[in-house]
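Multiple structures are listed underneath, in structure tokens.
You will see two complexes here that share subunit A, one where it goes with subunit B and one where it goes with subunit C.
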Partner chain A sequence: MTERATAPLQLPERSRRRWPAVGATAAIGIFTVLTCLPAIGGVDVDFSALVRNWSNGATKVNQLLHPNFAFLPRTVSPMLETLAMAVAGAAFAAIVSIPLTLWAARPSNPNPVTRQLVRFIININRAVPDLVYATVLVAMLGVGTLPGFVTLFLFDLGVVVKLVSEAIDSSDHPYLESGQAAGGTQAQINKVTLLPQSWTLFANQWLYSLELNVRISAILGIVGAGGIGRLLDERRGFYMYGDVSVIILEILVVIVLIEACSTALRRRLR
Partner chain B sequence: MTLTSAPRRAAATLPVPPSRAPATILAVVVGVIILIATAGLDIEWTELGDVPSRVVNYLQLMFADPNWDKLPRALFETWRSISMAWLGAIGCVVASIPLGMLAARGVGPTWLRYLLRGVFAIIRAVPEVIIALILLTVTGLTPFTGALALGIAGIGTQGKWVYETIESAQEGASEAVRAAGGNTLETTRWALWPAAAPALMSFALYRFELNIRMSAVLGLVGAGGIGSMLANYANFRAWDTVGMLLIVVVVITMCFDLISGSIRRRIMEGARPRGMDRSH
Partner chain C sequence: MTEQSPPAQSSESSAPWSISLADVSVTYPNGTRALRNVSVDIGAGEIVSVVGLSGSGKSTLIRTINGLVTATSGTVTVGGHDVTSLRGRRLRELRGHIGMIFQGFNLADRVNVLNNVLVGRFAHTPTYRTLLGLTTAADKDLALQALDSVGMLEKVWTRASSLSGGQKQRVAIARALAQEPSIMLADEPVASLDPPTAHAVMGDLARINADRGLTVLINIHMMDLARQYANRMIGLRDGEVVYDGPAGTATDADFAQIYGRPVQTDDHSGSQR
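Take a look at the complex of A and B:
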């Protein structure tokens, strides 16, 4: 009996399977080294160049810190153009997103072929960064607001269709079955049961896409797609950093305002 | 008295239907804003009809016969973009984990917490391309400065994710370490870090995914990599090469999303249990 009481504490054996951690660390290390080899396309890590540039950069930072507010009136009309692009892109994408979302969600489209096709196209659409679209579309359609509008339209379509169709997939649809039992066609069921149930999901994402649009449209002009970004790029080209910082401050204010409005609206939707 | 007369039915008092005026006003206002915005765009809307046919024409030029001769060069530039994204992600994660931890409630001093959260909020508010553009103007247009810009531009969001993760993780464990006599540093090491590490690793990979997209964009403004190559060939209207480059961008982006996404799932959900059957 006493032997049992004094038996030493039996600790469980430590896991000896350390190789996953070692392997992961080694893989990260090798990948990092490969990314630092300029010979195969990696980045040339050169801190001395940074130091050399810095004396040059310090004067620019100094200029940026002295915004030239006299420039403000000239930024108003490009800023309105930017906002117009954002709103129009979001609105057109909102309309087109409804049928596409219904095609891409499982409860509203039982046909796997068309569903996967729409999802595949949307995934490809989402894999292209926004400014890459803008660059190619500017080359296609010419400099101006039209490529910007089309870019935002395509970008929003990807965001809304992907997020809303996934939300529809993961939510319950108790009325769908009753629609089927009543003998409705899929289109009728979608119209009567699924859409009324999903409006808040849609409205939420439309507002979110508008928010994103304001952020993106401010920079689209850098590649020639109209709006305030074009002015930003132009002033940067002229080395007028005082004007550049005014534009950046203005973009910042507009983004914060739009996000505050959109967040307030979205909170009311819930 | 007539027995046949039915008792008078009480007039049905239906509740007043809710006013639809606010919804109608809202719809009209939204409609007017959209109309003004659409009219304000400097677009010939009659031209919009032939945009699809023009785009289809260009799509044929791009994808009917992509120019695969430039593929080695494209892959070289792609690796440069990926390197930028990776080094930027490492820089961002290495900087944001300690900063985000200091910004979490209960770890750093209050004044530092508000200061760091303010800095994160400001960085988040500015579009990443603009931060990168400022940094590139200051430090010069090289892939290295591109990676640096990616690292700094991501700190706002990454830092927020870190402190939110830490705050949602600190419950019993940190209290236990403190009760055993651990100071703040030991609490962070033995209670917060083990609880938050999987989520933080997952966010780090997600940062890499985001950076792959951003690095192509930075290339467009001149930092090098696949974006710069794309911008050049698009400017020269070399459509067959542009088509090939777009295919490369899409395939590479989707591949990395797939790999990184499955690793993230593995980190967050853990491995499937192995060797747990009791047959032996």
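Take a look at the complex of A and C:
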């Protein structure tokens, strides 16, 4: 029992093809350094400027560090507006995302033409920055929560359809074959097996899009798309950094609360 | 069990079908020749095991019968229908008459047992009814009967993920039976199961053949199970038929010929006969 084999272990030859990984790492490293050379259009990393101009920002930082809590009551109604936009945008996007995702994923849509078409449309949708949507929609629909809601809807739709369809693409679907063997149409297979199998993928992204919405809607207000962002932009315009500080803190609290809720929900979704 | 089978099961739709492969070859897009000039005739109501090592073409052979794999050349005739010429709706209708079970069970894990079995009614249900979730009482009854016949009725509301391997394969058999098939195909149905469960599942398949008279085709690589449960055995090696004869009297020498090597202990399921 205690006696070990004395012969040395014969290890098989290890592959020596490690240079691709080394090369890729080196290339990324060199590229990163090059991006910091202004002479060739890189970012001008100038830390001395930060030190020289520190006093310009210091008063603002100082104000930000002294939040004006007396302003809090005025933020309640815009924050509720923001939440309404965020929830409505995420909810409508969730409903519309179901058929679009099934069209965009290979296991649920073997037809390459319609699949690529839906993916193309979603890619266009994602290529447009949310601020551009908001600006155009504010011009079309007027200042308020409606353009904000539509912006968030479009943004969420892109996120959910892209991420969920890719997740469906990369997971295993053994039941597809049994559904085909039973003579089912793709629609039947999707409805009875693929969709129930994919609910957790959907639910995760729906909750994530809700979280994103609260963050984004703080920015959307800057172009007039309603909610807390509009108030934030107004107070910033008046240089009332104490009020801005309260709003930022409030957004932080709301985001943390929503994240806590969605984390709890996700844990129950397994 | 079948003395009181509902009239639907004795209807013409579930009368057994014959299978005929004439000079069938399959070459996959990557150049692999999975089947080479295979000609096999299986009569209605036969129970046949297809034996061979991994990669011998067993899975391809069985999939040409329901058109999951299309023959590159040759013709596959099933119940008088030329499978190779069927497409789309006609092919789905044909598949509705051919039940199939798999090594990996191929259930939807997060879906309950009843809905998994109702997959077997796809070919007999208009798509809009499935999309609207409208299940007819007759279909539900068929699904429940099928579950009962494999002893899984009490699990009807259970999620497939919480079943054991043997239970999953029984639900898969029920799914195939719910089709009221004329042919039952089984692709390595017991390779993922322990020996006692393997015998139970093979027994179910033999019973389906004996009681319902269905044509049953079983891919299997374990010699003892192939001998014990099938009447006829077809041996495949490198995509070619190298044995076709009675299963019970196949000798170890026959298996050595099919496998292209001496018989090993792994070739048995390892339990009592």
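Methods note: the second predicted complex is superposed on the first by the 214 of 270 C-alpha atoms of A that agree within 3 Å, B and C clash if a C-alpha of one lies under 4 Å from a C-alpha of the other, contacts with A are read in each partner's own complex, and residues count from 1 in each chain.
Quick note on the criterion: contacts are C-beta pairs under 8 Å (C-beta built on N, C-alpha and C of every residue); 3 or more make two chains touch, one makes a residue touch a chain.
Computed from a predicted structure; not experimentally measured.
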Which superposed partner A:Leu257 touches (first subunit B, second subunit C, both, neither): neither
Contacts of A:Ala27 with subunit B and subunit C, given as first, second, both or neither: neither
Which superposed partner A:Asp130 touches (first subunit B, second subunit C, both, neither): first
First, second, both or neither for A:Trp199, with subunit B first and subunit C second: second
Subunit B versus subunit C as contact partner of A:Leu141, first or second or both or neither: first
Which of subunit B and subunit C A:Ala182 touches, first, second, both or neither: second
Partner chain in contact with A:Lys191 - subunit B first, subunit C second, else both or neither: second
Greater subunit A contact set [subunit C / subunit B]: B
Partner subunit B, residues of subunit A touching it in the complex: 31-32, 34-36, 40-46, 49-50, 53-54, 56-57, 60-61, 64, 80-81, 83-88, 91, 123-124, 127-132, 135-136, 138-141, 144-146, 149-150, 215-216, 218-219, 222-223, 226, 232, 236, 241, 248, 251-252, 255-256
In the complex, subunit B residues that touch subunit A: 33-34, 36-38, 40-43, 47-48, 51, 54-55, 58, 75-80, 82-84, 86-87, 90, 125-127, 129-130, 133-134, 137-140, 142-148, 213-214, 216-217, 220-221, 227, 230-231, 234-235, 237, 242, 246, 249-250, 253-254, 257
Contact set on subunit C toward subunit A in their complex: 66, 68, 91-96, 98-100, 102, 104-111, 115-116, 118-123, 125, 127, 130-131, 133, 172, 175-176, 179, 185
In the complex, subunit A residues that touch subunit C: 174-175, 177-185, 187-189, 191-194, 196-197, 199-200
